[in-house]
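You will see chain A twice below: alongside chain B first, and alongside chain C after that.
Right after this comes the complex of A and B.
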């Protein structure tokens, strides 16, 4: 009898309708203008995606006060890297006690963004920055060095490398 | 009233047809668009807010423009509207594929049948009883002539509607058969079984208004149901409305009863082999059918072109008679706008239900029709008969 009544009077359907109806009213009345968002989707390219503090983006060298890389060319990161995408050659610079990299190549196309290189570095000379819009049309754009427009010392120029040329 | 010559009446009918077609072709695309937006909102999404394409050029410009629109309160709901134009263009321009082994004539006629059957139903649907508007006297040829609220408000209007709705089933079954492919055939047969099953409670639930109003004419029925019934006639009206709506969902193959096109089982059901504008006709027919079902539910149960649903208008009308005359004209008299608003609301309910209830299993659908809806409609019919007896 109870089952029969439950089938006859559609309580469950009414409950479901009220839930979706509430969602509709909330999202419809606030659309995308509210301070507190009622909708769960984000409108990514226009609204920047929120990133966690521990987000692992692209490898970037940290600079010291003089503007030189803090890296001392110990090669610990290159050895720790599981995909072997780091190649370092050390040189000397006037007035600096430690060595300074003359070559610091990073092949981003094979990097798995694991962060082992950061853990291996005892000199706080390397970090994974917060960039993720790194797609490019050319393989060469993924080979980063100390020089050039796309290098390991600065963040990647967004727009040139993450957007198509037609933009 | 001035006498009307045959030519004049023909021209007036033509004008009515154009008005109805304009109404359909305004409401249907907007429903397609609203479906995307409302389904999104119902599930805490935003629906379509941009269109696909490059970041530059026209699409980029449109997308950036729509993003700016999103900041303006009312305009933000219209983001993604250009996608509708893209849809129409795609349907018109896409290659029309004819399967080699398909029955060419039937394959061609099926979408037309389905679409025409759903549109012609509007002939007997009466948007407002009596005169819709009168031409001003300065209009050449037609000056001073009244235009009635329905194209052909015939005495057997309901029979015409139900008959034509059944012809629409042919479109689907023939499409399934003519495609010469197993999924469309299964979809078409399921559709036949489902529609034949739901035709019964649908017709039975409409018998209650017929019984109470004692007429088959759309305008008379809607008038009788809106202002001609006592208060307690609300019980058969509400039950009948819910049953009718359920059967309407099934008749138009909408979720939760979209068995003919159950994607996870039948690819796309009866229109698997269709592409281009032939598919477009099926797509349009579905939405026109939704509008028809909404119009009938609005006319017979929600008080038609009167303000209040379920016959409440007739109950409150005597109390309102003391109000200022313009208020009485607004609240107590029929208006085509009320009818249109009710149709739009019911279309929203269609989408609301789609966004809430998942598809039933096939045997459940049949069980709902035969084990619950039909006995319920019979009980409802007895209630309606009691109302009629006491009236």
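Right after this comes the complex of A and C.
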């Protein structure tokens, strides 16, 4: 008899509905009123995603006071890289004791963003910046060098494939 | 007039409930499955061979990509296997942080299991709730190492960096909130009649069969065998932690569900202990810059969220890379029990059985 009643009256369903109903009521009643929003969904493309300071984005070279890359072409990062995306060639510049890169190629399409290159660098010449909206239409756009619109010295131009500069 | 014949169909590799690119060859007699053969290999990347050509430190990024839902647990296994090969002792603080992050990863993996398993069976609300909490765990991952999914969280000999500022605050907030969230999931599912009808008595796998097939993890514990590597062969800081191994003797899908829910509670307990007893000290052992192995052969098993993940490494003298590398993936062994579970049952129960095994094809195909 008890089992029959249990089948007839859906207590179990009611329990689940009360949980979802509580959430609905909370959001519905506090809409536009509560100081802290009850929403858990972030409106990502319109509102930029908050990033942690340690976020591992794409590789960027750091410049010194003179505006030259700090890199001394020791190739430690290229050796540490698990997928071999870094190619460096060194040259000389007058008035600079260390070598200066004449070529610093970074194949972003194969990069796994592990950060081993930054750990290997003993000159603080390289960092992983906070860019993650890296989609592009052409494969060539992933080949970053020292010069050109996409280069490893500056953050990539944001806008063409990103929403974060809108609004 | 009517001919009675068996029908052979392919389920997957594009079927949404096969969790990736798994293909099942099913032989059906009406709605009853008479034969089931899992076909794997669609995601084969040759991870073992790649790692044999990379240095020990570099190999870790491929362990991220084995079981991409539990990257930290795989990192832990890889780092500890390499340390065992080279005889490195890890500082105590690093051990604690490793334990802490591995348990967070267990929560994240179990949440994604709960979400997709419930979604397969038809409970969509749980999916949304579970992903809400998983997001917090991924944020903690991001705060610690800068990446959310492919973490590369540890280094051979310790951990790469100290815990960031505000990390403890984040963890404490999560721990205060999470137990009530588990109650929510259970409130939605535990007594739900549809959930119970779809899971109780479905996908039966006896303890004898489970042991014979090499099944580990929650599937084995759901069959009543209290085997957990964290207790049987303690690694990292697990020997100093207080926790229980939940088991259920029913050996069906519902029992495995209950085991995993209880495991999440135990993980919260372990994280709490790690956070309270976090020792001070160095985070990295003294290791040479270029790691070289001796002639040695090790097998190191750790308890990943899905079961026993083992790394088998053979080192040669002065070698910078493993001479031979093999992964004992929990998903691969667990998947073998699928034919045993589904043969003779209805086709709708195949979905529930795949869900309860918690397969991730990244580690099965490797």
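By definition in this document, the second predicted complex is superposed on the first by the 134 of 167 C-alpha atoms of A that agree within 3 Å, B and C clash if a C-alpha of one lies under 4 Å from a C-alpha of the other, contacts with A are read in each partner's own complex, and residues count from 1 in each chain.
As a working rule, a contact is a pair of C-beta atoms (placed from the backbone, for glycine too) under 8 Å apart; a residue touches a chain by one contact, two chains touch by 3 or more.
What you see is a predicted model; the values in this text were computed from it and never measured.
Contacts of A:1 after superposition: neither chain B nor chain C is touched. In the superposition on chain A, A:40 contacts both chain B and chain C. By the touch criterion defined above, A:16 reaches both chain B and chain C. Legend: residue contacts after superposition of the two complexes on their common chain; A:52 is shown touching chain C, with no touch to chain B.
Once both structures are placed on chain A, chain A residues 13, 16, 19-20, 40 are touched by chain B and, in the other complex, by chain C.
Note for the complex: chain A touches chain B at residues 7-8, 13, 16-17, 19-21, 23-24, 26-28, 31-33, 38-41, 43, 46, 163-164, 166-167.
Here chain B touches chain A in the complex through residues 38, 40-46, 49, 54-57, 60, 67, 70-71, 73, 76-77, 352-353, 355-357, 372, 376, going by the rule given at the top. Remark: chain C residues 54, 57-59, 61-62, 125, 132, 135, 139, 142-147, 150, 152, 160-161, 164, 184, 187-189, 191-193 touch chain A in the complex. By the touch rule above, chain A contacts chain C in their complex via residues 10-13, 15-16, 19-20, 40, 51-56, 80-82, 112-116, 119, 128.
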